[in-house]
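Two complexes follow with chain A in common, the first pairing it with chain B and the second with chain C.
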Partner chain A sequence: MEAVVQEQAVEAVARRRPARVSLEAFTFMSPTMLLVTLFFFVPVLLLLWISLTNLSSNTFGNPLCVGGAREVCEALGIRAGGVEFVGLSNYRRLFADRFFPKILRNTLFYVFSTLALFNVGLALVLALLTTHIERRVGFLFRAIWLLPRITPSVIYIMMWKRIAADAPFGILNQFLMPVGVEPRFWLKEAPWLFVIVTNGFVGASFGMLIFSSAIESIPRDYIMAAKVDGATTLQIIRTIIIPLIKWPLLFVTTYQTLSLLASFEYILLLTNGGPGLYRTEVWSLTAYHRALQTYFGNNQWGYGAAWGFVLVVIGIIFSVIYLRVFRFNELVQEPKIDAL
Partner chain B sequence: MAVWVETERASGLSRRVRSSLAYVLLVISVVPILVGYAWLLIATFSYRTEGLLPKDAEGNVGGWTLANWAFVTDPLIWRVTLNSLLIALAMVVGVGLASSLAGYALSRMNFAGRRGVLSMTLILHAFPSVTLLISIFFVLQAISALPGIGDIFGYNTVGGVALVMVSLDLPLGIWLMKGFFDNISWDMERAALIDGASRFRVWWEIIMPQIRPGLAALAVFTFLTGWSAYLIPATFTIGTKVSNLPVYINYLMSETSPTNWNQIAAVGLFQMIPILVFFFFTQEKLLNIYSGGTKGGV
Partner chain C sequence: MRVELRHLSKRWGNVVGVDNISLEVKDGEFVALLGPSGCGKTTTLLMIAGIYKPTSGEILFDGRVVNHIPPKDRNIGMVFQSYALYPHMTVFENIAYPLKLQKVPKEEQRRRVQHVADMMGIGHLLDRKPGQLSGGQQQRVALGRALVKDPKLLLFDEPLSNLDARLRLTMRGEIKRRQMELGITSIYVTHDQVEAMTMADRIAVIKDGKLQAYDTPDELYERPRTLFIAGFIGNPPMNLIKNVEVVVEGERYIARNEAFCLEVPAERGKKVVGQGKVILGIRPEDISLADDGEGVRGEVYVVEPLGRDDLVNVQLPGDTFVHFLADPALRLKPGMPVTLRFNTEKAQFFDPHTERSLLWQ
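For the complex of A and B:
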């Protein structure tokens, strides 16, 4: 009886609340909605739009002042410039670009070798090693591995430039000379090695942290039982640990694929796509170069946006896959407080 | 205690061999990191360096000097430092405030579109926002055209850079904050609400004090992100008046010839000071947040 009364009371509250709650929730959400709209939603649509125009330094104007809108812009005193709607021609130009095959190859090579060697491979090794030893020492090593990530990119790259510098300044040369390796300008001779290593040393810590907490949560009995049965360390890793951290492995792999595909800050600072023509130029860096950083002062926003928007589409597809694969529904519980 | 190795039966010797192998491998793995820092430290206080060796003008080992720190008397360095600090503080306040408001609503309120906003947060958290820089350029241009606001938050202003950086880090902040709120018992809050307190008062007076450790962790994280930022300030500012420390350091590195590496190293170490202090005192929190930021997403 009491329960029924209470239930009715709760229902009454629930009936009364929605409108007020929505208004309150709206107030709480408004700063976020404003910023997310300005810097995520509008930019995604604007990027698509710009990629369909010929916007460049020569035609600079408001990208929205196209076609019939031009007169409106002129009436309002907004600079229209020579912006024209050009349909898919930026995309056609992209695929016909002389350097397209090279940039595509570079991108795939960069993403998958960094991923395999460092962001997943080394990350897993580090997680296994740091959970293998004394807990406090393992923690210390993980903390050291976090340093590249929190070091400002400019300073981090400065260190690597000195490591890979020409004789007599290069640190690597100094280390290799005693074992009889000729001094070299490593960054020029093996740019890919350093692009992958610099990114990998930052990227590995993410997987390392996630894998180590996953390994630490494996029940000890499983491993004990295997040991009692005489399993070797390798067997334990392969048949117990790896299958049990399958989800974190999958998560880090997909998440880091996307991060690597889109990020270019370290390459920009280290080689800026060189040495030479497009030696280490990757897709996202091409978008940036074309649109925002050109040597001749001719920013081709329209063409760069086409390169960028392809990545946006891939990014959206990946992000939606996370939601589906990583069981989003389980993460969204009903909020309790509104029931009072 | 090691997590997954030792058993009562494992023989002492083979265990010791195996775990010392692990130590050796780990020590080798951190050599490049430590070498990089060693160079920074040595270069800062020496005339020039060859490899890790400090050299004086004649090429002899030695040449320790404080001359590289002469930059501290340059007013420009303090200007860019102030800009860096402003961006970092804007990140702390902006991300902290906006994401704790939104995180609270998502954790405690049932409103139309809640599920949508939550999945949006997750998607944006995974979404590579650097791909949007091209069009954000035009958004900032548009803000520049607004009277008053444009001078503070437009293109080529410290405020504009801060605004973009706050926005791009919001999804992570919201996701973390929602997690912190979810872990707090709602009894006190419920009592206050039944007594007629407003949601806003409950949020500010009852809930926020309870998540102070979480807020502190987020603050450290956002401060470091803002303080170290290179790409966004470099893309949306022109000239040294509005640039921050990393942009200025990169300018010194690429635009001066011959590059005075040792002086630049000193500026770099100068920038590293707050980072190393935070790192030293908050490692544990940082380790948690760098992986915890995704814990919700896993």
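For the complex of A and C:
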């Protein structure tokens, strides 16, 4: 009898739970949802809206005053300018752009080489090196690697411009001349090298910090056990350390892919997409150029917004792919406390 | 394999982990390193494994100095207190790991892992991850991984301290039996003297990084050479009574203080007589209730039931306390007067300054 009552009570709790959980979940998530809405969904919707208009310096006006709203705006004294709703024509123009394939290729090349060589590759190497030497030395080394990150972007890039400057200047030239290398304008000769290196040197420190703290949190016993089991340092790294920092690795890969996709300020300062026509122009830089910096002073906000919006879509596609491929949902475990 | 430590020390700056330890482990012997936590047992073991480099001294395997041989070439199996099972590998992969590193052919790996797993009674768990196993099962996997490569030396670092009392008892017997069957030289670190007493052929008692004694369990128990060993070996611990003087009265040797006068066997008494105030050691099991009323009078202070026995703390005149084991059927209660008989055949005597035994040098 008692058991039956208890069973019913348990069932009742079980039935009641979903509703209560979702309300609680909603309450706890609301601050985050508010922030995400305010700083992601709203801007993305505005971006999408602008990308569907012909907003530019020539047609400057409130982008909401299109179509039937124009008269309302005029009645209220809001400047409508020449803004018109143009449908998908900005997108048609984008995909028909002569440089669209080149910019797409540039973007993928830039993102994945920087990611593989520096933001994940070098970061992992640095983390492994600094955790395999004396602690204090490792700490100092990591601190030094953080310097570029805390240097203002403009100063950092100016330094690189000096390093790669044209002959007879250029720090690189000063070092290479004595060993018999003809002085030259390195930045122009190898723009991608410098674009990737400048971004990578800064980008690597993020992964380096995450990886080295993940490596340091691996219990010493695993490493000792592996040594006794007969593993060399390289085998320990490959068979114990890397698998145990799988999640930080995947996290950094995902996070850095997205930040590289959206980053353009170093390229802007370093090469501004050149030399020549779109040699190092990447997607986000194109959006910037179209919207805010054109040769004839005509800022094509509508067209730039279309580039920006497609980048958002690319970012979302990458996120979904990463989430699926890396099975991030396995990271999210049911809290143990629920099992009580 | 024979293992020899010669003047082995390990220091980190000012911290002394191990201080000049020398001992020899015979082929096939089971030796326990016993000492309170922080005394340098793990450090000693890790030096033998090759993970720590000795600051000074030598480690010899079969007479050959191995100080500069890396762990992977020492052919050692080790079981850690935390088990240190690789969490991303299945039980099979964990046990096969040493074989994989030796590039043993896949088929042979499978056979040897299965053999060891069956021996440890975990043959049905090979597909699980360590996180899905109980403590006892993890322990067996760890032991299996240590055994799979047929090591010449087995090292154990407090392997049972994370198990519950019952399982500890089972595993204690099991480890001992495997070791005897396989005849592998073993060094077993523990802070639990019962474990050391029951399992080891010889026990090295360590304190503050120094070797205190190295002897068979019986010797350590019957003839403790220092005060520390007397207090450390044996459970419940030996009673140590201060300010005892041994005098001769005619033919008889008498140990006395303000609480009692005890006759001591001549062969023990004559070594202590004239040494001034000494420390008398007597184990709780060597004290019993005197049924004839002749003996040391005192009053029950605390009774701790241990199940089979009651551990009774008795206050003697002059603030001396002694523990003894009593039959629970007697129902001793605090405050009850008791008369105790000390079996002085087993009495120990220590110099209070040097803390060394006056009986066994």
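Everything below uses one rule, namely that the second predicted complex is superposed on the first by the 271 of 340 C-alpha atoms of A that agree within 3 Å, B and C clash if a C-alpha of one lies under 4 Å from a C-alpha of the other, contacts with A are read in each partner's own complex, and residues count from 1 in each chain.
FYI, a residue touches a chain if its C-beta (ideal position, glycine included) is under 8 Å from a C-beta of that chain, and two chains touch if they have at least 3 such contacts.
Predicted model, so just to flag it, every value in this text is computed and none were measured.
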Which superposed partner A:243 touches (first chain B, second chain C, both, neither): second
Partner chain in contact with A:181 - chain B first, chain C second, else both or neither: neither
Touched partner set for A:72, first chain B, second chain C, both or neither: neither
Which partner, chain B or chain C, touches more chain A residues: B
First, second, both or neither for A:159, with chain B first and chain C second: first
First (chain B), second (chain C), both or neither touched by A:277: neither
Partner chain in contact with A:232 - chain B first, chain C second, else both or neither: second
First (chain B), second (chain C), both or neither touched by A:219: second
Touching both chain C and chain B, counted on chain A across the two superposed complexes: 224, 227-228
Parts of chain A lying in touch with chain C, wherever the complex brings them together: 219, 221-222, 224-232, 235, 239-240, 243-244, 246
Partner chain B, residues of chain A touching it in the complex: 18, 21-22, 24-29, 31-32, 35-36, 38-40, 42-44, 46-47, 50, 63, 122, 125-126, 129-135, 137-139, 141-156, 158-160, 162-163, 168-171, 173-175, 197, 201, 205-206, 209-210, 213, 215-216, 218, 220, 223-224, 227-228, 233, 236, 241, 247-248, 251, 255, 258-259, 261-265, 268-269, 284, 287-288, 291-292, 301, 304-305, 308-309, 311-312, 315-316, 318-320, 322-323, 326, 328, 331-338, 340
Chain C to chain A touching residues, read off their complex: 46, 49-51, 70-72, 74, 76-78, 80-82, 84, 86-88, 97-98, 101-102, 145, 149, 155
Partner chain A, residues of chain B touching it in the complex: 1-5, 7, 9-10, 18-19, 22-23, 25-26, 29-30, 32-37, 39-40, 43, 49-53, 97-99, 101-102, 104-112, 114-115, 117-120, 122-124, 126-139, 163-164, 166-168, 170-171, 174, 182, 186, 189-190, 193-194, 199-200, 203, 224, 227-228, 230-231, 235, 245-247, 249-250, 253, 261, 264-265, 268, 271-272, 275, 279, 283, 286-287, 290-291, 294, 296-298
